[in-house]
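Working notes, beginning with the structure itself.
Order of writing sets the chain letters: A, B, C and D. Residues in each chain are counted from 1.
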Amino acid sequence: SFSLLFLCTSQQIQFADDMQEFTKFPTKTGRRSLSRSISQSSTDSYSSAASYTDSSDDEVSPREKQQTNSKGSSNFCVKNIKQAEFGRREIEIAEQDMSALISLRKRAQGEKPLAGAKIVGCTHITAQTAVLIETLCALGAQCRWSACNIYSTQNEVAAALAEAGVAVFAWKGESEDDFWWCIDRCVNVDGWQANMILDDGGDLTHWVYKKYPNVFKKIRGIVEESVTGVHRLYQLSKAGKLCVPAMNVNDSVTKQKFDNLYCCRESILDGLKRTTDVMFGGKQVVVCGYGEVGKGCCAALKALGAIVYVTEIDPICALQACMDGFRVVKLSEVIRQVDVVITCTGNKNVVTREHLDRMKNSCIVCNMGHSNTEIDVTSLRTPELTWERVRSQVDHVIWPDGKRVVLLAEGRLLNLSCSTVPTFVLSITATTQALALIELYNAPEGRYKQDVYLLPKKMGDMRPFLCHMMSPSIISPAVMSPACICLRLMPT
Amino acid sequence: SFSLLFLCTSQQIQFADDMQEFTKFPTKTGRRSLSRSISQSSTDSYSSAASYTDSSDDEVSPREKQQTNSKGSSNFCVKNIKQAEFGRREIEIAEQDMSALISLRKRAQGEKPLAGAKIVGCTHITAQTAVLIETLCALGAQCRWSACNIYSTQNEVAAALAEAGVAVFAWKGESEDDFWWCIDRCVNVDGWQANMILDDGGDLTHWVYKKYPNVFKKIRGIVEESVTGVHRLYQLSKAGKLCVPAMNVNDSVTKQKFDNLYCCRESILDGLKRTTDVMFGGKQVVVCGYGEVGKGCCAALKALGAIVYVTEIDPICALQACMDGFRVVKLSEVIRQVDVVITCTGNKNVVTREHLDRMKNSCIVCNMGHSNTEIDVTSLRTPELTWERVRSQVDHVIWPDGKRVVLLAEGRLLNLSCSTVPTFVLSITATTQALALIELYNAPEGRYKQDVYLLPKKMGDMRPFLCHMMSPSIISPAVMSPACICLRLMPT
Amino acid sequence: SFSLLFLCTSQQIQFADDMQEFTKFPTKTGRRSLSRSISQSSTDSYSSAASYTDSSDDEVSPREKQQTNSKGSSNFCVKNIKQAEFGRREIEIAEQDMSALISLRKRAQGEKPLAGAKIVGCTHITAQTAVLIETLCALGAQCRWSACNIYSTQNEVAAALAEAGVAVFAWKGESEDDFWWCIDRCVNVDGWQANMILDDGGDLTHWVYKKYPNVFKKIRGIVEESVTGVHRLYQLSKAGKLCVPAMNVNDSVTKQKFDNLYCCRESILDGLKRTTDVMFGGKQVVVCGYGEVGKGCCAALKALGAIVYVTEIDPICALQACMDGFRVVKLSEVIRQVDVVITCTGNKNVVTREHLDRMKNSCIVCNMGHSNTEIDVTSLRTPELTWERVRSQVDHVIWPDGKRVVLLAEGRLLNLSCSTVPTFVLSITATTQALALIELYNAPEGRYKQDVYLLPKKMGDMRPFLCHMMSPSIISPAVMSPACICLRLMPT
Amino acid sequence: SFSLLFLCTSQQIQFADDMQEFTKFPTKTGRRSLSRSISQSSTDSYSSAASYTDSSDDEVSPREKQQTNSKGSSNFCVKNIKQAEFGRREIEIAEQDMSALISLRKRAQGEKPLAGAKIVGCTHITAQTAVLIETLCALGAQCRWSACNIYSTQNEVAAALAEAGVAVFAWKGESEDDFWWCIDRCVNVDGWQANMILDDGGDLTHWVYKKYPNVFKKIRGIVEESVTGVHRLYQLSKAGKLCVPAMNVNDSVTKQKFDNLYCCRESILDGLKRTTDVMFGGKQVVVCGYGEVGKGCCAALKALGAIVYVTEIDPICALQACMDGFRVVKLSEVIRQVDVVITCTGNKNVVTREHLDRMKNSCIVCNMGHSNTEIDVTSLRTPELTWERVRSQVDHVIWPDGKRVVLLAEGRLLNLSCSTVPTFVLSITATTQALALIELYNAPEGRYKQDVYLLPKKMGDMRPFLCHMMSPSIISPAVMSPACICLRLMPT
């Protein structure tokens, strides 16, 4: 998915539930949606604008409301069209750090490379996606959009999109029935037939495939972002049922580096600060795991004056930690003295009840790695321990002797639950998606067959895209121009 | 003042309005309170718990309410005693990073060095102050407390204090009349006479001095935190009217280092993230001024991958910037290319309208230094520019050609307005205040005269206090013990 | 080769001359040896002990000398056996940072896993190799040794080995005839027949293969370190003529990381300091290329207060540079202002005469990358420019207007010419070689065929070896033990 | 003194022997000279050009030689005039990083502010001093020069000065009689009478004062660099015997910062590398003392991947260490595990025999702080320990069980003994000296009385000089110009 699974993916989470066979999909939908929403619903509660949207005094279902935007259109279904103004502000904030998409808009102003494209989309509805959607429109496309997650919609952003004329069907807190109703409203329209799909998770693709096979056959291309969705596409392809070229935008060096090293280097600080206001300087921290995520966490905390220890079972990574100036230890050696414990190993039960028992008072425990299994949170749900929810995403677990351990996000991913993903990071994926749509829509007959494609070789590592992503002031334009030459952005 | 002026001080803000003569005080009170509240009210709107307290659906004045805590006491006046539970959580969070006070509580459990002390206090009412107040109580004192600022009270914390039995008179959004009423309620009690004052700003001290001269004479000591309050004490002393020993806890090496270098190193990141979600990596930033604040900002941003330029007119500081690896430039040289502009010079109009005109689209401008004059914000209030408030504390100023400059906190102090002050930093001041109260209360006859004292020489640079402040795991206990020996905490 | 080509390799130097076919080898030997020696002879002139060995007052060829060690043996040929004492000191220094080999010695004291092994070796003869050779002896092997390069022998170390009873045949400044004579003296011995080969460059292997085919057939294994030697082994294998298992110890993650990132991070500083005594703080430096070598150089210089720019044509690497906080530029943009220019691109003519013409007075130019082609040194050999050799490895090139450019090592590799390779880095390779010899010598019949092997899978990335390499204090023993379990060090 | 005591000073060494009364001076000269030379002679043995000058095959005293430079002059006495060419190279190298002096030369080309000045100087004779002397000549002065230390002269530099026409009397390895003979040759000349003194240590000043009182009276000014010399001047002044204005160029913020923080940040790395070739990455290091020197050492080592511990008894400094991310420990807590021990406390016996007994094999011990008392080296001179000199400045001290401790420079200052002082650092002092001479020589009657002056207030912190010292590319010229305005370089 655009922002959340996007990150999950790179942190190598295996969604056991999602590994179902494609054809069995409907029966398990409920579980998957639920498990996904658990990990995602938290994000927006910590978006910097969260406090504005919390007041949901209105309990009427959007489906039962009659709403009209200022131009008289009712071709949408959102929580409250009156929030459009506020949503527009959030979109404007996002635009400030998405210069690649903005420059794409400008470049294409004459040519409209997506003129004639009719795109149905199903992604998280956030300020950043809104910038993508409006870019697609600026490039000539008509768009109809639903949410890929029942909890992740920023209502005010959806309102702003609706006000701007996008046919958006999404709100925060949809029921499962609502979820499919919204998707259907995007596809099933009189006198309008989609010819492109932008999906995140595969639900939209599946719906079109199952319910509207005739539409499906005429789709020119599918762009899919998530691990799950890509997995389902490959299964469809294997079964010989994929009659449309699809593009997997999930894998690239850049994405790996951004999602893990550079992104986590910032979000570990952000996540800890927003939840605990802890001072980093002078704190003793143990980071479990020295992969890309661990490297990012360690670098940031060291830079701000924390004393950082690393646990690592892979000797190569352990050696890197040594050479980078971190003492490599067993968790049990330092567990009594550290102020913060951060897991990012990709393994289960890295922090056990025994460790938790030995932590000192006020120790903060959080997870930047495997979904919610790195810390054995279950072991804390025993009668002798008291849980106290002191803030959103922050629990004090209290031992009989009064010792408190500060558990963040109940052991789920801190950077998804308690910090924002930097817009610039999301910008990279969004630009890739836009370029993939342009490529598929304009590709000459025969370039793509009925298969799942990685990005074309020369686009593969996203090198050409980078010239868009870097502002001229960061990378000297002179450096960028040769790289830009190889970018065949528009069909000539 | 405890947290806010505390910081202002160290950033060397001159409160022109406050430099009034002490005796003329009442006539100007209104203006000063107002100007103070402008700079302070912003802080709590960004405290991590802000969203909980925003809903002030209740418009009845606390003075007109009948409230009783669970033990049947009505000896307080707060917004809503029912918020006590939530406030208790916030206090518990604060306790996690204030180990110096907690250890002070433990040490004193037997001796009660403040047994018999009757303290009236007037400070910000925040979770951190609550930890201080409850520590004073644990040491044997009786406390009555009001707020030193009409906007800065965390209502839920006040409620928690009231529930715990502290006589607290404070709420967010007091009128000026409320302000003095609350102070008076602390002092003017049948059968209870204060013998110690803990003040932040001098209002309480002035009130007692003017209204209750007989109480004033019997005060054993005053502890004052703010520049303003200290200034007023010196004036009183000069005029021969200070009949009580007073302690200036405003000046120390530690405080300077903490308030500026170490604190700003963290709050610049926190403030930028919470308001703009900007990614630091690869951003070009110019920091104006390379004093302690500037050094902190530069170190943090460099560490997270920003490309940092420095402007500095003092050649010694400029040389330090060079040796620390920053290119020293004139602002005009880089103004077109930078993504973020941060001022911390202590001068006026460092960023002029001309600079603002030349910034690129999306440039973020903020101030970590002199109150609200470093950026010439006034010059932006002209008809051709549109202001758009996109979030709390975040304005987009829009030029006729569509260019947006992102102005934070309207040019006021970013770290006060848009980030939290780390609890650990506040812990240092709070511990100093507690120790100063203990010292004054227990000092043998004659040790202190009717004058303003710096901390006694051996306490002066707070060395002994540090052993309390550092958790044993950070500084080895073996290292600390010799330092602790010179701490004569309790009268023996 | 052990230290020098070892490094060259990882810096991806293409030895055009070496890419000859194996069978044509003898005809081109001269050129190759010569070109190799040019790049290598410089190393020891900067070894920290250089001053001791410079005085070569003795012009008699070692082959014509009669020398005897203190035990009466003459089974060696070195420059001057009297230098043994000094050489022993150098070996002792090296031992201090080669704890992996030392611990290997201790472990094997009982078992002697190389008992019966008769090893002929041909490597650089340095203090570090001496530690390896003496370790092999301690493990039970008999050794005869020659030098793989005519210039690189540390005479005093050779003397120390001879004094200790090792049959060593090597001195600094051998003729080509000497070179082969020494090799032959190692192999061609009455009553002693080699059964293992440790080679660096393939010359020894080739000599045995050609001259002593009967010995060659009975060799149990060959361990080869250099790119060139490995290349020749593969050709032999391809031609069906390799009748012995051989092990390629040239490729591993660890080696890449060590030789480039970690090693260059230190040697860039060392090389610049020893040659120019330049202060790093406040200097402007441009690093051309942001691969592993460039990353190491940039990190070190940034950390010491230099202002670092990067040139990079690969957008992915450019993006990494950005995210690490370096401004990415074209060389021509900064060439007038920088104080130091460092090349590490792997390309030719990165620094052209035009760039050199525009540099400011005192600019230092050096190369950490491609042998001697990154800087167009040839373009500086024109009549209007004056060359002045101001120190060993340091030339001032003087323009008609008096401007001086400081050229280091005539554009050859700075870290080979002007700094020492950290012993710890060499220790990693040496340990690998020792373990490979043990493995091959003790492998049961049939485990290895007549082929070139990478290190066995589980040894492949050297993970198990790391437990030896890291001192217990760096990586906690508890961490290491699981890794050590998978190390099958001795045949059981 | 120019380079060595210069540094000693800032590291707060108390020269007990030097604290003698001025009038008793002659009797103790021997001891002082000797003790000074012990600490200084080492410097040049590690100058990067050392190997060239080591070969002192010539045992004839320079005083007995007849030497003539290429212009036929014999007005000098140096070791070997034939080394002039090589010395010129060393001077040219030094000029590359002394741009302040070079720019001073250029500025003054027209005016010759020292025209008529006859300067006798007594300083170390190094390449850097040579740049100073030749600058003074270029500004119009006539100079006669001797060495302030019997061991520190770079013979080849003295030769180059002599060849260039400077009357220099100095060589490496003077006897005490030579020492005073050289000084006398500078002062006692027919038809030439000095009117300015530039001294380092006070020996020249004392000689003129005692032997040539009539010359002394007509001196226009004395510029003194060293602690010792300044101390003697103050004593003379106190005794009412100083009939000449003197300038103390020993104290300034810049000097403190440069000599300690910035200089040591580089020389700790340089000193360790040149002596031991140790790899920094992954090493565990304990730095005793976290003053400016300790801060520099810690920053550099941390940056290169060492794991650094700090011992510190001052809680303020300990707190800074914590906030900078170092674990503060007692030495005994980590002594068994560290790879390197560095002292910079300013105290005695910080590293005791007991500590040394507990160190692990290969541990490196060195001192960056108080002369030679921080490490209790004396305690190692016991029969059961074997000392082995493995390199110049490097001793292995060997315990009965074979354990070796690597002691550098016998516990004397590592940065003086085993690394070079960056030319740029020396450039700052040299420029100050030149400007002080210009000021004193051109000052109008009455500006300076017969007293010891600090640099005039506005020169005091050397701010104006910095504009010379920073190359325009480092600090933007626009930044520097306002600072330069206040520099009244030439009398107008």
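As a working rule, a contact is a pair of C-beta atoms (placed from the backbone, for glycine too) under 8 Å apart; a residue touches a chain by one contact, two chains touch by 3 or more.
Here is each chain with its UniProt name: A, B, C, D = Adenosylhomocysteinase like 1.
Model, not experiment: these values are computed from the prediction.
Counting C-beta pairs in contact, which comes out ahead: A-B or A-D?
Between A-B and A-D, contacts are more numerous in A-B.
Give the label of the chain whose average Cα location is farthest from that of chain B (Adenosylhomocysteinase like 1).
The most remote chain is C.
When the centre of a chain is set as the mean of its C-alpha atoms, what distance in Å lies between chain A (Adenosylhomocysteinase like 1) and chain C (Adenosylhomocysteinase like 1)?
47
How many angstrom between the C-alpha centroids of chain D (Adenosylhomocysteinase like 1) and chain A (Adenosylhomocysteinase like 1)?
59
Give, as an integer number of Å, the spacing between the C-alpha centres of chain B (Adenosylhomocysteinase like 1) and chain A (Adenosylhomocysteinase like 1).
37
Mark out which residues of chain D (Adenosylhomocysteinase like 1) touch at least two other chains, giving numbers and ranges.
262, 281-282, 284, 304-305, 307, 319, 322-323, 327, 470, 474, in rising order.
Would you mind writing out the residues of chain A (Adenosylhomocysteinase like 1) in touch with chain B (Adenosylhomocysteinase like 1) in their complex?
Spelled out, the residues of chain A (Adenosylhomocysteinase like 1) in touch with chain B (Adenosylhomocysteinase like 1) are 48-51, 54-55, 89-90, 92-93, 95-97, 99, 262, 265-266, 269-270, 273-284, 299-300, 303-305, 307, 336-339, 360-362, 364, 388-392, 394, 396, 404, 406, 419-420, 422-425, 470-471, 473-474.
Which part of chain A (Adenosylhomocysteinase like 1) faces chain D (Adenosylhomocysteinase like 1) closely enough to touch in the complex?
281-282, 284, 302, 304-308, 319, 322-327
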